[in-house]
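Below you'll find the structures, each written out as structure tokens.
One chain, chain A, links the two complexes that follow: it is found with chain B in the first and with chain C in the second.
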Partner chain A sequence: MDKIAIVGASQTKYVRRKKSEIFYDMVYEVTTKAMEDAGYTLEDIDSVITISNDFWDGRTISCMAVQEAAGAHDKNVSTIEGDGAFGAFYGAMRVLSGFGTTLVVAHSKGSEGDLKVITNAMFDPIYHRPLGLDAISSSALQASVYMERYGITEQQCALVSVKNHKNAKNNPYAQLPMDITVDDVMRSKKIADPIKLLDCSPISDGAAAIIIANEERAKKAKTKPVWIKGIAHCSDAYFLGDRDLADPVSLKDASKKAYTMAEIKDPVSEIDVVELYDAFSYMEPLWLEGMGICDAGQGGQLIEKGITVMGGKLPVNPSGGVLSAHPVLVAGLVRIIEATLQLRGEGGAHQIKGAKTVLAHGINGPCGQSHCVWILGSE
Partner chain B sequence: MSEWLQDVKDLTLKGQIKVPYTWSVGEVGSRFLVALRDEKKIIGNRCNSCNTVYVPPRKNCGKCFKDIDEWAELGSEGIVTAYTIVRYEYPLQPAKAPFAYAIIKLDGADVGFVHIIKEDMDKLKIGVRVRARFKEDRKGNILDIDSFTIIKS
Partner chain C sequence: MARRVAIVGTGQTYHKSHRLDVNGRELINEAVTRALADCELSIADIDAIIIGNMDHFESINYVDTWSVEGSGGYMKPIMKVTTGGTTGASVAIAAYYHVASGLFDKVLAIGWEKNSESDTTAAIVTCSDPIWDRFSYSGAIPSLATEASAYMEQYGATQEDAARVAVRERSHALNNPYAQMYNRPITIQDVMESAMLAYPIKLLDVCPRTDGACAVVFAAERVAEKIAVNPAWVKSCSVRHTTTWFGDVDYDTGMLSLQRASKEAFANAGIKNPVEEIDVAELYLPYSYAGLKWIEAIGFCGPGQGPKFIWDGNTDMGGKLPINPSGGVMCTNCIGATALLRVAEAAIQVMGKGDARQVPDVKTAMATGFGGCWWSDVVILSKEKP
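Up next is the complex of A and B:
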């Protein structure tokens, strides 16, 4: 693969309700800030990818409404309806196929729609939607089979929430910085067993943008380039019953491909930081297993042993993760931005010292039907 | 930001998009739903390439990428392989909380079947045996199965 890099990145602060800003405002804010970050002007942007979802926006072809805000009025612009990590993948492909630079921007307002009604609509209208399934109840099914098979405890999952909300205290963009205890999580309201309120990510509003450039154009940017070493995404079956929900095979496949591309042989020793898509606390250990960071069923022990905390052998979600801010569609792009900040040494209070290789991860579809894995490097 | 913007009161607008759809159920889906409605039977089908028995039935196998043409009549009983008791309510749920979603491995099937369980929440666990309870008034949709009930051992 030719050398390509992330040369600009920006995000809004994530909040429960951005009442003063419409989608256009949020997209304009992060587009402008990403260009400032790179030291680029609009003339330096060759192509644009917007990321949006019609159900969340409450408008069809929702991408069309934000194109000017994304600086795309005279440019080749295309769109992704899905998580930002996948949109950024498309952006990387565009740079590899000849555009010198591509701006990728995602926006979402969880506050304006209805999470349960919208996520119910991702299921099959004939067999599953009439049952009332949504993102929470389907994830709870996954949690139940994963925890039962390997004896993962609710306390181990609670530790993930405790860690990530604590990490969020060091991230000025996070929505939910909190000092909470395992007891707080265990005593929080039951939502869908075994998931409790503090095992869940919040409803969030926000936007994020990155600029990807080829090697030549990266030289014109004022930032230290963050090189894309490996990227892959893979997908599993659509129907929940067709999948082994405790075995994220599509994540295993995507990780292997990304590691091969990045020439990573031993992910545990070669990766310095992981930013992954923890929409619910159980997902962090399950995805770490899928990434080959530990063996199947060992994810609970990783957190207990303190391996994934700040200062641990492999810090996971130093930003506070998706548990601390969950702008749908944007969240996977945020993982890439957080990886970028770590590799530039701009993580501030949540910087992992000397981070040289970072894994960023996004998911699409119910219970992580598809996974997108990014290996980013500073050299 | 201009000074006057600081005095703006943020307004919101309420709206709703309600679009009627008429989804085709397809050939195999139609046979599946007609069997639920007319015979109170759950039918699946078998891929002759990988031998997977699917329920609901599929016209082709996504793994082998081959057409499926062998029907398989399944039992109306099976084993719970995943479940969650939901504690919240919203209008699209077909039952009053607390009720459960379950993935059920029906006798004779190789994939899980997603449905609901309404009773005996205290007895629900992975591995329990359940049986389909059909509605009296069946209309040819997935809720012709009212729910699954736990078989008392």
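Up next is the complex of A and C:
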């Protein structure tokens, strides 16, 4: 793979409801800021990828509304519908194919949609929708299988919420910086057994953008380039009953491919920070298992041992993660941006000193059916 | 640097207004199975998949993950591309970049739509801005009617001129058993007497709604030549989403996005005189008047000369530059697949697999996509390596 890098990044602050901005206002904000960050003007952008979803936007051809705001008016442009990590993947492929630069921008206004209706629509209309399955209830099924199989406890999952909301206190963009205890999580309202309110990510509004450049164009950017070392994605089967929900096989496959590409042999010792898609607290240990950070069933203990906290051996989600701000579609791109900030040394209060290799991760579909893994490096 | 990429196989369903015999995933699988058979590959050979449709037509969210049993995406990378009417071409172009990037060798592009499960106009209406555009330009027809009226006023084109385009598409579809309007020829009189939808557009001036799917296999240079005897090389592809608001479209000037995308695609493919150098075109013409005006935007003839170019028979089978040997969009319109069908049909022509609809001695073929807010995609395919 040719050398390509992230040279610009920006995000909005994530809030429950952005009353004063419609979604193309947010897209304009992050597009402009990402170019400022890179020291680029619109003329430096060769190609654009926007990320949107007709269900979340309540618009057919939802990408239509953001073309102008994304600076795509007279450029080669396309749209990925799915998580931002996948959209950025397409952006990277465009740069590898000869575009000097590609801007990737995602937006989401969770406040304007009905999460239950929208995520119910990802299930089979005949067999599964009438059951009322949605993002939360399907994830509860996954959490149950996982916890039952390996004896993962609700307290261990609660520790993830405690850690990530605490980390969010150091991230000015996060929506839910909080000091909470395991008891607070355990006593919070039951949403879908075993998931409680404080195990859940919030509904969020926000947008994010990155600029990917080839080696030559990266030299013209004013930022320190963050190199894309390995990227891969993979999908599991669709029907929940066809999957082993406690065994994230598609994440294992994507991780393995990304590690091979990045020449990583021992992820635990070679990766300095992980930013992963923790829509619910149980996902963090489960995804870490899929990434090969620990063995199957060991995720709970990994959390308990404090390995993933700030100052631990392998900090996970120093930004506060998706639990602290969940703009759907944007969230995977945010993981890439947080990795970028860590590698530039611009993490501020949540900087991990000396981070040289960071893993960023996004998911698509119910219960992490599809996973996208990014390995980014400063060298 | 970009690797050379070729199309090595195509597959499409038989198209009908209502395919009640299959569900969406089965429809997709029908096209995928045919595309793989066409290039003698199995799903195990495919490294990645790109799929596209319009969400609100079937009301399925995250079609990439939903489709896996039909598309063959189990334990493969699959992502969804969607850009409105241009979706199919956007999917093809994404497949091209998948391979050109060097990350994947054999990539499957899928477009599909089961329009019978949708209220098409109700779904399309919401593409317009709810405050500024929705009350004037809702659905597919209003902005097209504006363009057609402006074109007739400007150049004196007539409804009969447009009808000639509709007649051409239906007569070409006589050669394409896959077309929804297969074996349903019409006359200019039929078009003129059909119901007026929005002046000057009548029922037989517009595309139908179709259930159908299309799949196309793209491969990298070193494998493409082993897979296909005559691969269709991707010479260039270009996209312009020039406008965001229907109110910003200048209906008096040419089709701006198509002008710009064509210009760039021709330049990158080394084409100086398109009408001489292109042997066949599969154009996304959603209504008959586009067959007059948009060929001017591409540069096949000068402004206002579309009607004469058509009446002279240049675009008929056996003419100088046959357009839509398949019958085009006005004979088959499964929206998410429609623009991919253009790319597939162009590839079929280059590969010499067109049977009754084959244009002789095709070296270079052009495919376009149309959608969104007057957006255009252009793909140039050739027998020659780029």
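Please note the rule applied: the second predicted complex is superposed on the first by the 379 of 379 C-alpha atoms of A that agree within 3 Å, B and C clash if a C-alpha of one lies under 4 Å from a C-alpha of the other, contacts with A are read in each partner's own complex, and residues count from 1 in each chain.
Just so it is clear, contacts are C-beta pairs under 8 Å (C-beta built on N, C-alpha and C of every residue); 3 or more make two chains touch, one makes a residue touch a chain.
Please read these numbers as outputs of a predicted model, since none were measured by experiment.
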(message) Looking at A:Thr340, would you say it contacts chain B, chain C, both, or neither? Reply first, second, both or neither.
(response) neither
(request) Classify the contacts of A:Gly58 with the two partner chains as first (chain B alone), second (chain C alone), both, or neither. (result) both
(request) Would you sort A:Tyr127 into first (chain B), second (chain C), both or neither based on which partner it touches? (result) first
(message) Looking at A:His73, would you say it contacts chain B, chain C, both, or neither? Reply first, second, both or neither.
(response) second
(request) Would you sort A:Ser20 into first (chain B), second (chain C), both or neither based on which partner it touches? (result) first
(message) For the overlaid complexes, name the partner, chain B or chain C, with more touching residues on chain A.
(response) C
(message) Output check: A:Ala237 vs chain B and chain C. Expected answer is one of first, second, both, neither. What do you get?
(response) both
(request) Please work out whether A:Leu141 is in contact with chain B alone, chain C alone, both, or neither, and reply first, second, both or neither. (result) first
(request) Scan A:Asp193 for contacts with chain B and chain C and give back first, second, both or neither. (result) first
(request) Check the residue A:Asn317 against both partner chains and state whether it touches chain B (first), chain C (second), both, or neither. (result) neither
(message) Taking the stated contact definition, name every residue in chain A that is touched by chain B in one complex and by chain C in the other, in rising order.
(response) 58, 125-126, 237, 239
(request) Give every residue of chain A touching chain B within the complex, in rising order. (result) 19-20, 58, 114, 116-117, 120, 125-134, 136-138, 140-145, 148, 189-195, 237, 239-242, 245
(message) Could you list, by residue number, the parts of chain C that touch chain A in their complex?
(response) 1-3, 23, 54-56, 59-69, 73-84, 90, 93-94, 96-98, 100-103, 123-127, 129, 238-245, 260, 371-373
(request) Name, in rising order, each residue of chain B that touches chain A in their complex. (result) 8, 10, 12, 15, 17, 21, 23, 25, 29, 33, 54-56, 62, 81-88, 90-95, 101-103, 111-116, 126, 141-143
(request) Spell out the residues on chain A that touch chain C in their complex, using ranges where they run on. (result) 1-2, 53-55, 58-61, 63-69, 72-82, 86, 89-90, 92-94, 96-98, 118-119, 121-122, 124-126, 231-239, 249-250, 253-254, 364-366, 369-370
